[in-house]
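Each of the two complexes below includes chain A, the first together with chain B, the second together with chain C.
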Partner chain A sequence: MTNKLHIKSYSHIKRQTVSVNGNVVFKGDDADFPNFIKSAYKHLKTSYSKFFKMDNLSKLAFLAADTLLMHESLSEEENNIALILSNKASSLDTDRKHQKSIENQEEYFPSPAVFVYTLPNICLGEISIKHKLYSENSFFIFDRFNAEHLYLYANNLLQNNKAEKVLCGWVDFDENSYEAFLYLVESKGEIVHNTEEINRLYNLL
Partner chain B sequence: MSELKEELKAKIIEQLNLEDVSVEEIADDDALFGDGLGLDSIDALELIVMLDKDYGIRLSDPKEGRKIFESVQVMADYIDANRTK
Partner chain C sequence: MAKTYLSYNNIFSSLGFDSETVIEKMSNDVSGLDRYDNNSLLPQPFCASLLSTEVVREEFNKISDASKYTKLEQMLILSLKKVLDASSITLNERVGLIISTTKGNIDVLEQESSFHESRSYLSELGKTLKDFFGFKSEAIVVSNACVSGVLAISVAKRFIAENRYDHVFITSGDLVTKFILSGFNSFQALSSEPCKPYDKNRIGINLGEVAASILVTSSKIHLNSEAVEILGDATCNDANHISGPSRTGEGLYRSVKAAMKEASIKASDVDYVSAHGTATAFNDEMEAIAFNRLQLENVPLNSLKGYFGHTLGASGLLETIVGMHSVKKNLLFSSKGFTELGVSQNINIITSNTPKTLNVFLKTASGFGGCNTAIVFQKTTN
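Moving on, here comes the complex of A and B:
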């Protein structure tokens, strides 16, 4: 089973560029992340009103996932696609915003809309809600991109029939530094699923 | 009162991140939840914080919000009668 698994497709969002399978699908000219991701969302015709309520990390993960999943023939009822995402900064960007809103006792007005994003795995929920994924999902924090861990976990899920496909990757956001690399593992595809290929694709752009 | 309603509409759009909605598109009597602007439970909590922060109104029971946040008109009436700042 392990040898039959493939990386069917992959996406990158970094340096003001969104690409799918190595092909640039959007290039922005605004270095500011909120403006860039809004332009990308509109350009890619992603239709999801809740997008604008998400924090930066969720917007990054959501759009990177959407660019891949929009090409899949997904069911409107339920899809058995597991999610395994990872990053280094956890939800630090939003944690800082929340901290700022509670550090002054005289101006103590924590925002519920900010607070709900003070966990990195919330972005998995956003992706799952949009694409009707009722499957396994996990979010890991690593010092660096960890292809081996993602490889082993995805293999395990697919070998044990816990999912039909696994969307894996790295979505990291801290201040205005951002990077997303997601890839879809399943039986179909031309790229062999192994750590060498995962690392090669991660470093592609 | 008219000024307050316009102010509320602008704040709702900005603080609840309602992309592609303008002040002109929100009628005074439009429902804010359900079929109206489609706000959700987190938005309701955000509006409760806004009442406290901007108008000095602290709701002791979040369920009160259900009635107060019915529309911009109802919100404005409530704020006008209860504001402390």
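Moving on, here comes the complex of A and C:
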């Protein structure tokens, strides 16, 4: 019953560059993340107004996912693509913003629009809403990219028919440093799904 | 596939520092909720289940030096230690550690915190626990909003199925901080009175802090008297909204359906549902709709938020542990705070502690980000 699994496609967003399958699709010239990601969004013609309400982490994860899922000819009704994302800084970028808004009683103005993003898995919700994924989703925190963990978890979901495809990876946003590496696992594809290959692709750019 | 079980467990809460004490209190209809008027936490009164920092520190100093650890770390260590001691499993590379939390040491972001900001990284929390006990494998932190505690059980089961571990210890916890209170209050979701899940006169959420820990194992020789088998589990997203549940209960419906399918059971096989029941109108209504779609409307159901408040990343595990003790004692706990049905579709809320032969129970949870997790458990015949 064990099916051979493959990595069908992968994307990187780091150092002002968006790449798909190792090929640069957008290179920005603004070192500031909000400006960079907005330019990338426009360049990639991602038409989705909710994007502008998202926090930095969700924008990063959403765009990295979109560059892969736009090629998947997805159903408008529903798709069974599980999401397994991970990072180091959780939602700390937005956590610090919320904390600042409650730090002293004179300037006490907590906002629900900020608070909702103080959870790392909100970006999974954003991707699920856009692509109609009523699927498994989990967010893990590690101090570094952990290929073995992602490999085993994706393998488990696919071999037990809990998902048709799995979108895995790392989306980290902390201060103004950011990095996304996502890859899509399914039965079709050229690259064998194993820990070595996942690490090779992660380190490719 | 190898069977997976839940076994030795601990609840560290305002109702007591071990599961037995907590269950005893619940059997006597005692709640851990209290009303607080504490300006340093929230500018208005609120109702919550809190653990006194001094009491936790005193307890911790019996086993180690409390000054080196944050309050949450002390709670998690005290809770996990009891499970490790009871299970007497040697920590080698076949033993995993999962930490379930939504916000971890978020209180170190406060200006007055004596701990460095680096302590707020959840991987640091993982490392602290790993080092304290001497786990040989890296800690896995699950942070998936309010389903984290139930999802952590799924994750443990899946890693055991992949033959990565033989045993996994899960510890879960979150604090009631200024951070969390201000956030929930900005949603106007907090209540200053004890919460009333599913009730017509519901008034909103109470928050709570606990640590809860458990052993997940594939080995039958490590089971205790309340052990249960995991029959099936699933997590599904609503694909609808990041801060509100689906009106049709789509993700919850799908997750329960998938968990029951894996468990090979029908709705009529479920003896008890341990639901999420936060006591917000949207959540409770969504659950009532989903349980009706699943034909679970006649199965006895409760929310335990009236005893512990909403304990965030710990809630799913805490409520699963209570479910295990319910099954062992063949006793359904009342859904505290409930008097009159306040959802549009009928569900069978447990109104008083009731004896009933229990074999199979369903645990569900739903959270921000549109996530829903369901697991079906069965009593073991040890």
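To be clear about the criterion, the second predicted complex is superposed on the first by the 202 of 205 C-alpha atoms of A that agree within 3 Å, B and C clash if a C-alpha of one lies under 4 Å from a C-alpha of the other, contacts with A are read in each partner's own complex, and residues count from 1 in each chain.
Here is the rule we go by: contacts are C-beta pairs under 8 Å (C-beta built on N, C-alpha and C of every residue); 3 or more make two chains touch, one makes a residue touch a chain.
What you see is a predicted model, and the numbers here were worked out from it, not measured in a lab.
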Touching partner for A:52 - first (chain B), second (chain C), both, neither: first
Partner chain(s) touched by A:122 [first = chain B, second = chain C, both, neither]: second
Contacts of A:112 with chain B and chain C, given as first, second, both or neither: both
Partner with the higher number of touched chain A residues, chain C or chain B: C
Contacts of A:198 with chain B and chain C, given as first, second, both or neither: neither
Touching both chain C and chain B, counted on chain A across the two superposed complexes: 110-112, 116
Parts of chain C lying in touch with chain A, wherever the complex brings them together: 43, 102-104, 106, 109-111, 120-124, 126-127, 138, 140-145, 151, 155, 158-159, 161-162, 164, 178-179, 182-187, 234-243, 250-251, 254, 258, 367-371
Contacting residues of chain A [partner chain C, same complex]: 78, 83, 88-90, 92, 95-96, 98-99, 101-103, 105, 108, 110-112, 115-116, 118-122, 124-126, 128-129, 131-143, 146, 149, 152-153, 155-157, 160, 162
Chain A-facing residues of chain B, complex: 16-19, 38, 42-43, 45-46, 49, 52-53
Contacting residues of chain A [partner chain B, same complex]: 49, 51-53, 109-113, 116
